[in-house]
Amino acid sequence: QTASTDSASVDIRHTSKGFQFTTPENRFQLQIAGRLQFRYAFPYDQNPLDFDDFEEPDQHLFKVNRARLKVGGHAYQPWLKYYFEYELGASRLLDFRVMVEKWPWLSFKAGQWKVEYTRERSISSGKQQMLERSLINRPFTIDRQQGVSVYGRIDEGGLLDFNYHFSILTGMGRETRHNDDKKLMYVGKVFWNFLGDGVAISGSDLKHQSKPQASIALAGATNTSPYTRFSSSGGGELAGYGSGAPGQYQVNQWVVETAFQYKSFSWQSEYHRKRINDNYGPNTGHLAGLYVQGGYILNHQDAAKGKPLFEIASRYVHYQPELSLPQNSEEEYTLAFNCFFNGHLNKLTADFTFFDFDEMSQNREANDWRVRVQYDFSF
Amino acid sequence: QTASTDSASVDIRHTSKGFQFTTPENRFQLQIAGRLQFRYAFPYDQNPLDFDDFEEPDQHLFKVNRARLKVGGHAYQPWLKYYFEYELGASRLLDFRVMVEKWPWLSFKAGQWKVEYTRERSISSGKQQMLERSLINRPFTIDRQQGVSVYGRIDEGGLLDFNYHFSILTGMGRETRHNDDKKLMYVGKVFWNFLGDGVAISGSDLKHQSKPQASIALAGATNTSPYTRFSSSGGGELAGYGSGAPGQYQVNQWVVETAFQYKSFSWQSEYHRKRINDNYGPNTGHLAGLYVQGGYILNHQDAAKGKPLFEIASRYVHYQPELSLPQNSEEEYTLAFNCFFNGHLNKLTADFTFFDFDEMSQNREANDWRVRVQYDFSF
Amino acid sequence: QTASTDSASVDIRHTSKGFQFTTPENRFQLQIAGRLQFRYAFPYDQNPLDFDDFEEPDQHLFKVNRARLKVGGHAYQPWLKYYFEYELGASRLLDFRVMVEKWPWLSFKAGQWKVEYTRERSISSGKQQMLERSLINRPFTIDRQQGVSVYGRIDEGGLLDFNYHFSILTGMGRETRHNDDKKLMYVGKVFWNFLGDGVAISGSDLKHQSKPQASIALAGATNTSPYTRFSSSGGGELAGYGSGAPGQYQVNQWVVETAFQYKSFSWQSEYHRKRINDNYGPNTGHLAGLYVQGGYILNHQDAAKGKPLFEIASRYVHYQPELSLPQNSEEEYTLAFNCFFNGHLNKLTADFTFFDFDEMSQNREANDWRVRVQYDFSF
C-alpha cells in the first residue's frame, strides 16, 4: 500500500521531458512538459483534398497549430509507467496509457495512443524533420486507438535484433466510447535493426551518428468499422465513401518502411497498400502510396559550441487513390529548412511545397505552390 | 499580501494524492495527481435503460473510461483549501471548490462538486468496491451542482457524533451558466457515527479495521428545474418525461443509507424514494430503489508483506421506476473481484452482472449477462 | 542542445504566480497556478443586450464563473518566455504565447493572447477593481487573437518614456484554424508614462503609491473579417449585423485611455470610437462609448499588519450604439466593494449596478438593478 514518501531527497531537474520529480529509490517519477507549435501559411495550410480546394481564395494565416500538455513518469515501480498528452487548443485527450516495461522482450500497454503502424505518424509532431506529415498520412494512418498491446525487443545487438508490436484495439478511433460490433482491430509491426540499435522514432540526425543506423519495418492492420480512415478527430471517410453503418467497411492494409541515419544524413520511406471492402454495397477500393524523404545537417560541428544547427531536407510523395484508375495520382514535392536552436525542442522550420494532382479519368489536373513557416517550442 | 516564500525548505513528497509541495510553516500546499481507468466490456458497457437496449448487437469494447487530472492543496492558510478535478477524456471540469475548514464543526464550501447525497455517488470512481456504480445511481443521484455548503462534525467521539452537510445550489447540474428561475436546490445530509469515526467515503475495508466502524445516514433534496435527473453530463430526463421548460419539474427525494466495516468485511446499502411533479402537466412520478452490497478481503495479512490484496464482493439492486405500477421492476445482481496492487490506487477489477427487467404493465421481460474487466491506476 | 540539468539546487518557492521551480543559473523556470472565480447574481448575471433582456424572469444564480489553469516560465534562456492559460470550465485555450524579451526596447511575441488594445480587457479578470468589465467591453474589445507582435519600452525614466505594441494578427478571433481571406488584422498601442513607470495593468492601488503614477494611451485597430465583434468565444456580430461572409465587414476603431494611481486612489477611463463598413451591403455603423472609474482603499495602513484591505469603487459607462441616432444610449452605474484578504489573489467583491437603456428612435426605455457577489481565489 502507498505511504507518503520522505521529502529529504526528492530529485528535481529539467530534462528533455520537462521538469522531472523523482522520489528516493526511483519509486515515483513525474515529468511535466508543454509544447507550442506556431504556424504561418500562405495561401492555405492544409493539404488540398480535391480539385475544389485548389480554387479556394488565398489566405494569410497565423495560428497556434498545436498546444500540448504532456505528463509522464512512473509509479510504485520504475517499470510501471504512464503518459498522457492533452491538446489544449482543441481540448482533446490524445494519449493516456499505462505501460508495464519490466522485461525488454515482453512489455504491455493499455490505453489510448498512436498505434505503432507508420514511422511518419509515430514520430511526434514536435520531432518531425519536415514541417508536417506528408500527403499520404491522411489515407493510410491508423492514428490513435484504444486497446491493449504487447511489444518488446528480441536478440538485442544480435543479427536478428527485432522490435515487435502487436495490438488489439476497439478500432473506432480516438476517444470513442463504444464499438460498432464484436469485431476488433488488429495491428502488428516488426522492425529489423540490422545495424546497431535501429533508428529512433524522431526525425533528423541531430546526433551526427558515427555508426550507420538502419531499420526496415513491416506492418499490417485489419479492421471492420463504419470508417475508411482515421485522424486525431477520430474515424472518418475517404473521398467516395459514404458515412458508414456498423460493420460496413472492412479495411486491410500494410506498409513497408525504411529508415537510415549516418553522419548528419537521415533518410526514411514508406510504401503503403490498403484495400477497402464495403460489406453492404458494391464499393471496393485499392489504394497505394509512397514517400521518400532525406535531410542533411549542414553544420554538425557547431553542436558542441551550443550554436544552432541548420538542416536542409526534402520529400517526394506519390499517392494513387484507386489502383484500378492508374492515371489518377496526387504528388507532393517539398523542400524544408530547419534551424534547431535546441534540437527539436526549440526550432524554426520553413517549407515550400508543390502539389500536382491528376485525375485523368475525369480529364482534370491541378497544381499549386504553398509556403509555411513554423516555430516549435517545448518547455 | 502575498510575498514570495523562501525556497530553502519546501517539502516535496509523493502521497496518496500524488506529488505534494508544501512551503515552510505549511502556508501553501499543492498536490498534483492523475488517474487512468481502462475498461474492457462485453457485450456492452453501460447498464441497459430500456427493453430495446437488450436487443442491441453484442460488442467487444476497450476504452479509456476515465482520465482525470486532480489538483488540490491550500493557500495563505492551512485551513483555506482548494481542489479541482478535470476529466481529460470528455474535457469536462468536474470539481472546482474552495473550502474554509478552520473549525471541525463549522466548515464552508463554494464551487462545484458532487453534492453530499448518496454514499455510492460520493465515493470516487477510483475508490469503488465494485467496478462501477449501481443501476439506481442514474435515477436518484443529484450528481455535481454549483453552489455553497456548510458542513461539519459535532460531538466528535461522543454518542451523538454527527456529520452534517447543508447545501444551497443552482440546481441546474454541472457547468451550467444560468438558472431557469428564482428557485434553488436544497440538499441536507446527516451521518450518525454511532461507533467510532464512521465509515470513510471509500469502498472496501483495506485497513482490516480492528474496531467495528458504522454510519447511518439520512439525506433529502428538493429542486425545481427543467430536469428529472442529473449526471456528469448535466441535467436530463428520466424515461417518460419530455424535455422540460423552466420550472417544470418539482422533485423531492430522500435516501437512507448504512455503511459498516470490520476486519476486512465491508457493507453498504441505500434505500431511495423520489417524487416528481410536473408543474405544467399531469405527469407525476414516484420512484423507489435500493441496493445492498458487501465484500471481504481474502488475505489481509499479506498487506504487511507488500503483496496484492484480493477481495470478493457482491451487490443486489432493485429499482421500481413507478410505484403505482408495482409489477414493473429492474434488478441487478453483480459479483466482483478485486486485486489491489497498491490499494485503490493501482487495482484490477472484474465484474459479472445479471440484469433482470420486468415490465408487466406491458407484458415484457428481459434479462442478460455482462462481463467487464477494469484497470484503475492513480499516480 | 538540451541536457538534463543538475538537481542539487533547483529553487522552489511560492510566488504570486503560484509554485515556481527554477533550475540553476535561471536557465529553466516553471510556474503553476490556478484560479477560481465563484459568483452569485440576482436577478441575472450577464449585462442586458437588448430590451427583451429586461423582461426575462428573475434568477438566483450560483456559478463557477472562471476556472483557470496557468502555466508560465522560461526555457533555455531567461529571456525566452512562455505562458499558457486554459479555462477549465469552458474547456478553452485562452493564451498560449512565446516571448523573446532580451531587450527592453524590442521584444517579440507569437501565439494567442489578449491583444494590447484596451486597459479594461488587458487587466486579468482576477485583477479587476470592479467585479466585472463594463458594458462597453463587448462592442469594442478586440479580445484574443492569433499572430505576432513587437513591443517594448523606450526612453525608460525619461520625459518621452513610452511603451509600444504593434501586432499583426489573423483577425478571426480565439482558436480559429483559418483566415477568411488574405487580409490581416493590425493593432497598435502607445502608452506615455509621463510620471514614473506608468500604471500597471491591474486594478486598485493596493500598494498605496507614494509617488503619483499615470499613463495615457492611444490605440487603433483595423480588420476585415466576417465579424463585427470579438469575445473569448471568438468572432460574433453586434446587434443589427447579420452573420458575415468572408471579407464582409471592415472595422476601424480607436481608443484613448487614462490611468492614474496615488496614495490608495486609482482612476482609469477609456473613450472609444468604431466604424463598421459592410463590403457587401449598405450597412454602416459608427459607435462610441466611454467609461470612467475610480476607487479608494479605505485602510491602507492595515496592509502591514496582514489585515484585509477594503476598497470602495465606482464606474459610470455611456454607450452609443449608433452615432447617427444620438437619442439612443445605454448607461451603466456601478458601485463595488472589495475586501482583499491577500490582494487580488484572495478577495471578495460585491457590486450593485443600475442599467438605463434609451432607444428613443423606437420610443423605448428600460432600466433595472442588479446585485452580484464574487469570490476570487488564486493559488
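In this document, chain identifiers A, B and C correspond to the written order of the chains, with residue numbering beginning at 1 in each.
As a convention for this text, contacts are C-beta pairs under 8 Å (C-beta built on N, C-alpha and C of every residue); 3 or more make two chains touch, one makes a residue touch a chain.
Quick caveat: nothing in here was measured; it's all calculated off a predicted structure.
Enquirer: Touching both chain A and chain B: give me those chains, sorted by label.
Expert: Expected: C.
Enquirer: Please tell me whether the contact surfaces of chain B and chain C are same or different in residue numbering, using the over-half criterion.
Expert: Comparing the two copies, chain B and chain C contact each other through largely different residue numbers, since under half are shared.
Enquirer: Chain A and chain C share one sequence, so how far apart are they rotationally when you fit their Cα atoms? Give it in degrees, rounded to a multiple of 5.
Expert: In short, 120 degrees.
Enquirer: Which whole number of Å gives the spacing of the CA centres of chain B and chain C?
Expert: 39
Enquirer: Multi-chain contacts in chain B: which residues touch at least two other chains?
Expert: If we look for residues of chain B contacting two or more partner chains, we find 12, 91.
Enquirer: Which residues, counting only chain C, touch chain A once they are in their complex?
Expert: 1-2, 4-7, 10, 12, 21, 23, 27-28, 30, 71, 73-76, 80, 82, 84, 86, 91-93, 96-98, 110-112, 146-148, 168-170, 175-184, 246
Enquirer: Report the residues of chain A in contact with chain C in the complex, numbered from low to high.
Expert: Contacts found on chain A: 11-16, 18-20, 32, 34, 36, 38, 43-45, 57-64, 67, 69, 88-89, 91, 206, 303, 306, 341-343, 345-346, 375, 377-379.
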